Amino acid sequence: MDKILFGSWPVPFGEFSLKLDPLSLVFLIAVTILAVCAGAYGFGYMRPYQGKKPLGVHAFFYLLLALVLVLIVTANNVILFLSAWELMTISTFFLIIFNDEQPPVRKAGFIYLIASHCATFFLFLMFFLMSRAAGSMAFDVMARTTFPPLLAGTIFLLSLAGFGVKAGFFPVHVWLPHAHPASPSHISALLSGIAIKMGVYGICRVLCIMKVLPVWCGYVLLMIGVVSGIMGVLYALGQHELKKLLAYHSIENIGIITLGLGAGLLGMSYQAPFLAVLGFGGGLLHVLNHSLFKSLLFLGAGSVIQETHTGEMDHMGGLAKALPLTGVLFLVGALSICGLPLFNGFISEFIIYFGLFQGLLGLPVHGVIICALGILSLGLMGALASACFCKVYGTVFLGKPRAGSSHSPEGMPERPTAQEGVCREGTSKWMLVPMAALAAACVLIGLVPRTVTGLTFLGAACMAHVDLATIQTEQVLVPLTMVIRVAFLFLALICVLITVRRLLLGRASVPIRETWGCGFAGVSSRFQYTSSSFARLIVELMKTVLLFRRHGGQVTGAFPEKTRMDSSVHDASEEMAYRPGLDFLNDVSKKLGHGRIRHTQVYLMYILLFLIFLLVWKMK
Amino acid sequence: MTLWIDVSCILVVFLALSVLATNRIVGMIKIFAVQSFILSFVPLFLHADAVSGRDITLSLVTMVLKAILVPAILFWQIRHISMRSEIKPLIGLGTSILFGAVLIAVAFWVSLSLRLPGKLLSSLVLPCSLATMLLGFMTMVTRTRAITQVLGYMVIENGIFLFALSLFDAMPVLIEMGILLDIFVAVLIMAIVLNHINEEFERTGGSAGRSKTGETV
Amino acid sequence: MLSLLILIPLLGALAMLLPVRAMFRVWFLCAVSFTYALIVASFWRQLPAAEWNGYLALDPLGLILLSVNGLLFLPVAVFMIGYFQHERRNNRIFTACLLFLMSMMTLVSASYHMGLLWVAIETTTLFSAPLISFHHNRGTLEATWRYLLVCSVGIALALMGTFFLAIAARDVHTLLLPAILNGASSLSVNWLKLSVIFLFVGYGCKMGLAPMHSWKPEAYGQATGMVVVLMAGGLTQCSFLALMRVSQICYKTGLSGFYASILLVTGVLSLVVPAVLLLGEKSIKRSFAYSSIEHMGILVLGLGLGGIGIFGALFHMINNSLAKVVMFLTAGSVAQKYGASHASLVRGVIHTYPVTGVFLLVSLFAGTGMFPFATFHSELLIINAAIISKQYVLSGLAILCLAVIFIGIAKVVLEFAYGQPTDPVLAKKENLFMNITIALAAMALLCLGVWMPAPLHRVLHDAVTLIGA
Amino acid sequence: MSSLLNVTFPVLAHWMIVCLLSPFFLGVIARVKAFFSGKAGPPVLQPYFDLARLFRKKCVYSSTATWVFRAAPVIILAAMMALSLLVPFGICKAPVQFSGDILLAVYLLALGRFFMILAALDTGSSFEGMGASREAFFSCLSELALFMNFITLALLTRSISLARMIGADVPIVWGGMEPTLLLAVASLFIVLLAENRRIPVDDPETHLELTMIHEVMILDHSGVDLAYLLYASALKLFIFFGILVSIIVPVRTGYPVTDTAIFLGGMLGLAALVGIVESSMARLRLNRVRLLLLISFALAFFGLIVTLWRA
């Protein structure tokens, strides 16, 4: 069933060979859906820029990116893969840096480019190690090779370094929280929905090729999942900016996916094919699901930003009235990402949980511990994600508008007031329809999971190198069916309860009053809980890992003066590793570099010393 | 005749060391002239049995070029009083001499395993020419003024010349002359540049006051 | 044919000394370069016969270098049309030296005699010096001085090395390359070792390898873009040819391991040094100069690694020269537009001069080996070679350095290219000739990146077999 | 037709029992508390009266609120009713049971909570926002403890279905693993108090806004909506009681009447226990609540370690 397209490509070691196996197909489907939806959205979203910015260039790189993504997931040759990979980096860079007049956008583009390209170097090493062992640059030949354990472990670690940066694993996620808020929203959707999944695809491909990996690899992968997931969601809770928050949620969801993959890898190492298929299958399904609901959320965020001209959640509020449809669609995305039943997030998380419980009951004691850890952290992630999206939805869409300055994070120009193709709520149809399509997909998978589970399990079987027929996937599909039945019962109950309420209330009109202010008369909309105050309890509990900083806000004396307080959460990996590291290099460079050494003589001395060194070394 | 070659070799190295250990530019030029003068006699000792016209020509050319012309140009170059003394060298003279001794040791050590082939000229030719070269190099490293660096370079070239003599028979003279000529042209150009350099700035390495953006288009 | 190819630019150079109009000289230079390129192109069909008793001969290695020369001089000549529309300085010496240089670089590619090779390389130094100091000011003079000083030391060392080689090859009685290679068994190994060390350090100075690199940031930072293109893309690679000749000899005498270890150490050093020094750099030309050191390091690494590493190195020679055309001509064009090449003075080029801005980005991608450009493939080949020869530490170190270098260059280039334009009011018109030149070079590099012509592959392959390994 | 009936009948019967019984225990707790404070207290059936009255009342909506505010009570009640289907009560087996139903149970709880918080934030009131924030925080901690306990139970019973984890296999487990199970029971009891917002975590009686979590979130609900919410919390309490009693009193005599009596006795006992705790303790300060929940987590964690050690 693998389809191979073969052609020659006259570059060193290059072959234009494409291969479509179930693993690729899962990603290919996600790529196709997202590229179309985000593209259509962009068509409406970028209207305000018409005539002010070179939109043709933007469109070109968008299409290039779409093409290259397809190439990446289908490439069967190392050079082709790497070429496409580099092109992805470049085209994404141009898409991110669209609004380059703004320093944060430039910084984001810069960090993205550097992180991506530097990570690619690890891939060079990894692929060449693989190709040396296999004697070929073709993935399918590599997959037939057996790798010695040490080499396999090295390759695995290199793949984590190389693909992990793109995927956004926790300590190496630096580019992600910068790039997502900086780019136009449909690009953020594409980045989060698909670009980071390419990192996951890479790891999946490597796992698929490796077949047998040392046992510790599974533990490492699972731990990475746990750390990324929890840190991602904790950082998300601490954010004030909508798209940055969503960006951190991408890290969390990558963590969930990795958890699944790690469980699968454990299953492979311990010869538990059912666990392997469950873990990989759940991971792959979550890839698909996350790309659907996260892009939905980003697109929704884009509409919000276009409406409010700010990304600061604490300046928003009550948008469900201004953007009712967007509000509903965003809620669907939020419910999905929290993994609540009825929506697709629950399905994939359920499969991963199920796999982890299988591991819990079937693996030796180390495996049991790590699986327990996985289950716990998945539960914690779920709870924190719920809290986080309550915060997002509550502060952005519910309540009353909060007064605040409005400046657009991406420098979005004012939308023309009268515009064609604008529906009731002022959002272009080009923007609403893709979101609706994505939301529909979320609900569809949530209610009829068998539409996709077949495919993802096929992909998982392909990764685990087992015949799917020998695996009793019904063991997990039957419970899923039961879940769906309960879900339908739940929906029926909702209908019944609404009807009951209708009957009880009769036809009498419902009085509308102000919210009860507990007796206080001077309530203003600024009294509302903000996103930061909502998350404060959790963030303060975790303030050591989150680098939570608070300025001002101390009230002193009987008649305190006017004061202001702001709090922010800082990325520990960036603040404690990357920035000091780069500063150190900069310092060294400045000390050694030009301006310090003033004399040509010193340079001559280098030559003399080198000559003497060679003489002494080589002439013994 | 090997004895004479040996003596010349040792003298050349000694003079190279003296150049390294001299502070005054005039002194350095003078020592260099003496070194070149001694060197110009070596071709005459090459063929003990019969001194050919070719040997004499080479000897004369060398003497005129190196022992007279080049020092003269250099003297002409430093005719201004302000240029006569070396500004503080980068490495002190004492240290320079110590380093020089180490370099000589390295040169001899390297030459241990190497024997000049055929009709042996002198076992000292290789180590001495290497040592001279390295000492000249060291001179370039320690001195901060353009003109002293040129002098160092000339010492290097003398070292090379000393060794080239051992190849006198093996190599076509055409190439050899071309080589000498090239070096000469190089020095000439250097001098011309020097001329500009002296107008533009006093010390070759003096980039201290250069503006950050003072780059040209 | 070969001597004709050397003579044409030589005579052209003499003609340049005549008092004619400046633009006439430029057009004449274009004509000569074009003819030159045509003749070189014809060599791809049929290698010319040896001349001057075998002193001049063209093998695939030489052909590659010769083609690189052709590839460099033509765009530079065309670029000069645009350049001298703004520049009022007398270009008599400049153009004459350019043609002398062309002639001597041809001699380097075609010389089949180690002594002649040295003479040719030495002469290129002489003629390139006035090019650097085209603008007579303190900065250029200082840079020229440093360049001359380091290179003349290098030349002296290389001369010594050549002498040692002559001693080693005393039984062959000549320094003609085929003769040395045929009589390789009779060479004296110890003398050859000494010779290799001296030749390597000597030519390494000229090539700008790491401990001998110091003239590069100065000279490249001060000279005009066109000159730097010729130096970074052509002159340095001439010296690389000399290193490859040494490699040929070493291979035949079984000194491959000896030579390779020197090459690898220097190669890694040449990656480490720019990596360390680049981050603090704010000037675009100097950054590119460090990148040039890096590329020399990559070439040397490839040569040292052997096998497909050599293939990669040879391919990289062509790519590097094209990349340098793009990089330094762009830097030159930016510098001419803004009157500065320091990051604090230039911002948002892509808004003020969209085409130049694009070229800036192209130079970033091409210079650091990103995909659509052929440098990607050659760097990949060399990393692959390192892995194949099990040089894990080396490859790890190399990619680390490449990463840091990328950060350094990207930082400078992106600061230039993006951001709020510094003074959009003063925008001058973009020059057509300049842009066409850069665009063509970039296109060529891109085409090589996605499609390697069969003849090129064949010639590279033949050249690899020449070096052996 | 008969098969449809076969499916629907147990479901409907289960709902009938659950819905009828659940408010009763609220009344029992109130009665116990009244007894300890020396008052006569309301009748045990008072919650039924309250609900009946609220069902007859009209609703008032805030002008700030959107459809989320109106949807929340319905969704929350529906979620609790759906959840009740997964839990066995004494001899009433869970009508829906499958491998992995605990996950659905936990996520249904989460779904209800999600809409509870949203509804609170929808009013735009700062007090309700405060309650929502606390609810979100505490539920994270209690959910962690809940998961930990489920892992322990899953390991002990080798199953991930509620029906077996708290039903059939528990007596066997009690046979060999008492300390583990005791730890789990203690931990689950704290979770019960926290999830249902009883003292010492929250005080369901007062209306002093600053001290409250759950009550403050429903300040703006009225009429039928409030009835739905009250009903939902009664259901939730009932479900937690059911789970805990199934573990504590795993007596299976085989006679339906005896078993039901034992189960109901356990439920009443638990209600009395909650009442005693509420009477004897004061509401904890907010940051002490955090500590309490962490203790619950630590108990569960300890239980897991013991389980692993014994395994």
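Quick notes
By letter and in written order, the chains are A, B, C and D; residue numbering begins at 1 in each of them.
In this section, contacts are C-beta pairs under 8 Å (C-beta built on N, C-alpha and C of every residue); 3 or more make two chains touch, one makes a residue touch a chain.
Keep in mind it's a predicted model, so treat the numbers as computed, not measured.
By number of C-beta pairs in contact, A-C leads when A-C and A-B are compared.
The distance from the centre of chain C to the centre of chain D, with each centre set as the mean of the Cα atoms, comes to 77 Å.
For the pair chain A and chain C, the distance between C-alpha centroids works out to 44 Å. Taking each chain's centre as the mean of its C-alpha atoms, chain B lies 97 Å from chain D. The distance from the centre of chain A to the centre of chain B, each centre being the mean of the chain's C-alpha atoms, comes to 67 Å. In chain A, the positions touching at least two other chains are 600, 604, 607, 611, 615, 619. Contacts with at least two other chains are made by residues 110, 113, 137, 140, 149, 204, 207 of chain B. Residue positions of chain C with contacts to 2 or more other chains are 145-146, 149, 153, 190, 194. A list of each chain pair in contact follows: A-B, A-C, A-D, B-C.
Listed in rising order, the residues of chain B touching chain C in the complex are 110, 113-114, 116-118, 133, 137, 140, 146, 149, 153, 156-157, 159-160, 163-164, 166-167, 170-171, 175, 178-179, 182-183, 185-186, 189-190, 193, 196-197, 200-201, 204, 207, 210, 212-217.
Interface of chain C with chain A (complex): residues 145-146, 149-150, 153-154, 157, 190, 193-194, 197-198, 200-201, 205, 211-212, 214-215, 217, 258, 262, 276-281, 286, 308, 311-312, 315, 348, 350, 365, 368, 370-372, 376-377, 380-381, 383-384, 387-388, 395-396, 399-400, 402-404, 406-408, 410-411, 414, 418-420, 449-454, 457. Remark: chain D residues 11, 55-56, 58-68, 74-75, 77-79, 81-82, 85-86, 96, 98-101, 103-104, 106-108, 110-111, 113-114, 117-118, 120-127, 129-130, 132-134, 136-137, 139-140, 143-144, 146-148, 151, 154-155, 158, 160, 209, 219-220, 223-225, 228, 290, 304, 308, 311 touch chain A in the complex. Residue ranges of chain A in contact with chain C, taken from their complex: 9-14, 79, 82-87, 89-90, 97, 100-101, 103, 106, 109-110, 113-114, 117-118, 121-122, 124-125, 128-129, 131-132, 582, 585-586, 588-590, 592-594, 600, 603-604, 606-607, 609-611, 614-615, 618-619. Considering their complex, residues 115-116, 118-119, 122-123, 125-126, 129, 133, 135-142, 144-146, 148-149, 152-153, 155-156, 159-160, 163, 166-167, 170, 173, 175, 188, 190-191, 194, 221-224, 282-283, 285, 332, 335-336, 339-342, 344-345 of chain C touch chain B.
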